[in-house]
Amino acid sequence: MMLIVLGVFVGGTAWTVLFSFTNIKIVPIFTPSEWINGFVGTANYDRLFHTDRWMECPALSHIGQADWQLQCRGALPNVVTYAVLSIILSISIGFLLAVFMDQKVRLEGMFRTIYLYPFALSFIVTGHVWAWILSPEYGLQGSIRQLGWTSFSFGWIADRQMVMYAIVIAGIWQGSGFVMALMLAGLRGIDDEIWKAAKIDGISTWRTYLQIVLPMMKPVMVTTFVIVSSGAVRIYDLVVAITDGGPGISSDVPTRYIYQNFSANLGQSLAASTCMLVAMAFILIPWIRMEFGKKG
Amino acid sequence: MSSTSITPIIPAGKKPKKLITTERVVVYSVLTLCALFFLFPLYIMVITSLKDIEAIRSGNIFVPTMHPTFTAWGKAWNSACTGLYCEGIKVGFWNSVRITGPSVIVSIAVASITGYSLANWPFKFSEVFFTILLVSSFIPYVVMLYPLVLITRWLGIFSTLPAVVLVHTIFGLPILTLLFRNYFSSLPQELFKAARVDGAGYWRIFFQVYAPMSVPIFTVAVILQITGIWNDFLFGVIYAGPTNYPMTVQLNNIVNSVQGGKEYNVDMAATILTGIVPLAIYFFSGKYFVRGIAAGAVKG
Amino acid sequence: MMKANSTPSVSVRGLALSYGAVQVLKALDLDIMDGEFLVLLGPSGCGKSTLLNCVAGLLEPSDGSVFIKGKNVTWEEPKDRGIGMVFQSYALYPQMTVERNLSFGLRVSGLPKEEIEKRVKRVGDMLQLGELLQRKPSALSGGQRQRVAIGRALVREVDVFLFDEPLSNLDAKLRAELRVEIKRLHQRLANTMIYVTHDQIEAMTLADRIAVMKGGTIQQLDAPQTIYNKPKNLYVAGFIGSPSMNFLKGKIEGSGTKAVFHLGNQKIPLNDYTPDAPIKPGAAVLGVRPEHIQIDMAATKATSDAYKAVVDLVEPMGSDSLVWLKIDDTLFSARVESNQHFDVGQKVNVRFRIGLASVFDEATGDRL
């Protein structure tokens, strides 16, 4: 049974990678000879990176490296925006919340329950709630305008430039409580005597957190980074629920692109899948180095 | 100075402190503000679902209605339209139950036995096997979507309940097997040896010695699988077929359906109903939940 | 031993600490003299670490005061108390080099750079940390780590050092080495040191005075030899010494120098005994250490001070052997040289060295 499952994992992944180099159509090819006949090299990748929906960078040569993110549009830049922001925000919010929770707080159990419950929900549920809250007409914007602040504007989900940030808000809402739980477990795992030693040395609490505890949290940070970023890379349901890629295709993401191109553009879909596989491999590097580096 | 010259005078005992310090105020305000941010969507969901559609159009999203009604809940459950038919989200609920039940049972049964074998009966390539398992649990599932379409088509089950159960089982197995393998490896080896000396065989040791000691890890696995499968969307859309769409897919269709104008109250009621199963598990399982999601967070 | 004109360096008055209904420390009074090495000894949960943490200011007492150098520091921050502390888990800052570990506290307090360098160099030389200074704690052995931790306390150049079970995480050989090093350090610096341990060998070898603790109280505070020879009560007597003291239950008849201890049918005169309290008739316990029991193999007939016993079991321990003996139904052990041979069931004469023994009142457990 497990061998079959592993066969599916290894075989399926290999199949996707291999056939991303062929002119595969909706009627798939299976045999090695068909693969050789259909081999087109990196043509699918070329086409993929020239598809505006995947990535569109106006005059890439004229802008600096740093502007790449701001200038480009499409599924790939969108997921990069989402991943970078959600990693930075959820890790920093999660760490700060954990530090605050670590201050011998009364009702800690209650706060923890509140911060963590969104993580139990489906992205579809989260997405629809936030879509409703952020909907311009009756949601936050409409309601605040109704209260008299008529110039108030918060129409991110209808704004091509801002829509990814709206999705980030929902993602943070769902995920940062979980990051807090991981970080708090890390903080609690730190030897009590380190705190005592720092107190004897006369190091203030915030300085101890920043200069002693934070560096000691490196393993927790790496684990959290891997978990958050691997989740961010495969973001799909949340986008489907909040905007379904809209307005237009301005909040499209790779998983959605891949899924929607299965019938029309299978070769490109497979090429895009392979790109995600490569991205995941890069994300795993720090974790692998940590896990296997210490044994060596 | 002789020791008698020291008399117990003030300061003595606990240092008197102000009950309210700036630091405490900051800590509690930040925690409370964040709690409000996290609770806000839940609040909006609930009050919206209790309004009638007029109250939503004319009212304010923050303000609860004076005349709460459960009409929207009834409609969401029984008669909301998904674009194809108008039978409410209850169809999706029962589909989700039919998908989740077998997937959870099959995946945990297979994973626990495999984990047990890996931990106690090392075979020649068990290390290689273990490494592949570890790597597999990180492969993004989108990479395997199309191959699995082909496999389920080849098996003749594409767009049926068995297909989606099979896919959930396959994707659940690597991480569950790791979970069980690590747990069983942490149990003392002497236990296994003692049972063998006592003449117990492979299955007897598993069912009578290991399984009773492993209630916590089974609980974690069940929580991980139920919440994970219940909350799934993508596999349901692709493999289940329209008659078997799980609750999340039905919810999405109800919300996106444009028949007869948008009914936000019904949408929110349906959203709550979809979220209620994992939320209930969350509230009742306590610490196991955190362990479960921590284990499952790496899943494909 | 204790210095003649000593003044208290650390004093504790009426110190109590309770968590809800659990009293961890019960109104303790304690004076530690300037330059004294005091060991707090006791089993886990006796309150010894709690007491040390209260002195350090890491725990707040529920009641009572702490004085250091005559100054009431009960409400002072740990850093302002003039103490340095060494922990069981070393508690080194893992991401900093040894040098930074030593200097971090000094930097934070804003000491001039040259002064920091001078102190780090001095301590580095004293503890032979020279070539380790640029390494991180993870690259050090357990013994080296603990030397660095001691160094971190030394650079503070304070008068009082606190040690919280500093050698418990080390293996036996390293423990013995570092024990000597700590003793040498104390001889050289002549600072006040308070040292918590559950290991009686550490306590005996290091201490000027030992405070034996139990249940949040100090049972006895004395020089090691006094604690060993004249334990104040049954608890201290049983806790100190390995193999542990034999307790023989019996009763006293007569009083003063004419008192006799009755053990079953045998009578043991107490005329050599040095009492702490007047000896009166009544139920009592005779405490004799195994090394203070002599076995007379040659003797065929019992002399006035030798008693008939039967060999029950022999435990060879290398340099010597522990022989378990029985008089009637009372079992006790004697320490003999390992070249002596005994057979189980063999009848022997034993002689108790009453001058080194202790007699306890059975009811109160106190030494008479």
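The letters A, B and C name the chains in turn, as written, and every chain counts its residues from 1.
Keep in mind that, in the parts below, a contact is a pair of C-beta atoms (placed from the backbone, for glycine too) under 8 Å apart; a residue touches a chain by one contact, two chains touch by 3 or more.
Quantities reported herein were computed from a predicted structural model and do not represent experimental measurements.
Asks: Among all chains, whose Cα centre is located farthest from the one for chain A?
Replies: C
Asks: Report which of A-C and B-C is connected by more C-beta pairs in contact.
Replies: A-C
Asks: Suppose each chain is reduced to the average of its Cα coordinates; what separation in Å results between chain A and chain B?
Replies: Going by mean C-alpha positions, chain A sits 18 Å from chain B.
Asks: As a quick test, compute the distance in whole Å between the mean CA positions of chain A and chain C.
Replies: 58
Asks: Hey, how far is the Cα centre of chain B from the one of chain C, in Å?
Replies: Centre separation, chain B to chain C: 54 Å.
Asks: Give every residue of chain C touching chain A within the complex, in rising order.
Replies: 53, 56-58, 77-80, 83-85, 87-95, 104-105, 108-109, 152-153, 156, 164
Asks: Per the contact definition, I'd like the list of chain A residues that touch chain B in the complex.
Replies: Those in contact with chain B are residues 1-2, 5-6, 8-13, 15-16, 28, 96-97, 100-101, 103, 105, 111, 113-126, 128-133, 138-140, 142-143, 146-147, 173, 177-178, 181-182, 226-227, 230-231, 233-234, 236-237, 240-241, 244, 254-255, 258-259, 262, 266, 269-270, 273-274, 276-277, 280, 284.
Asks: Give every residue of chain B touching chain C within the complex, in rising order.
Replies: 1-3, 6-15
Asks: Residues of chain C touching chain B in their complex?
Replies: Touch residues, chain C against chain B: 7-8, 11, 13-14, 31, 60-65, 67, 70, 72, 74-75.
Asks: Which residues, counting only chain A, touch chain C once they are in their complex?
Replies: Within the complex, chain A touches chain C at residues 191, 193-194, 196-204, 207, 212, 215-216.
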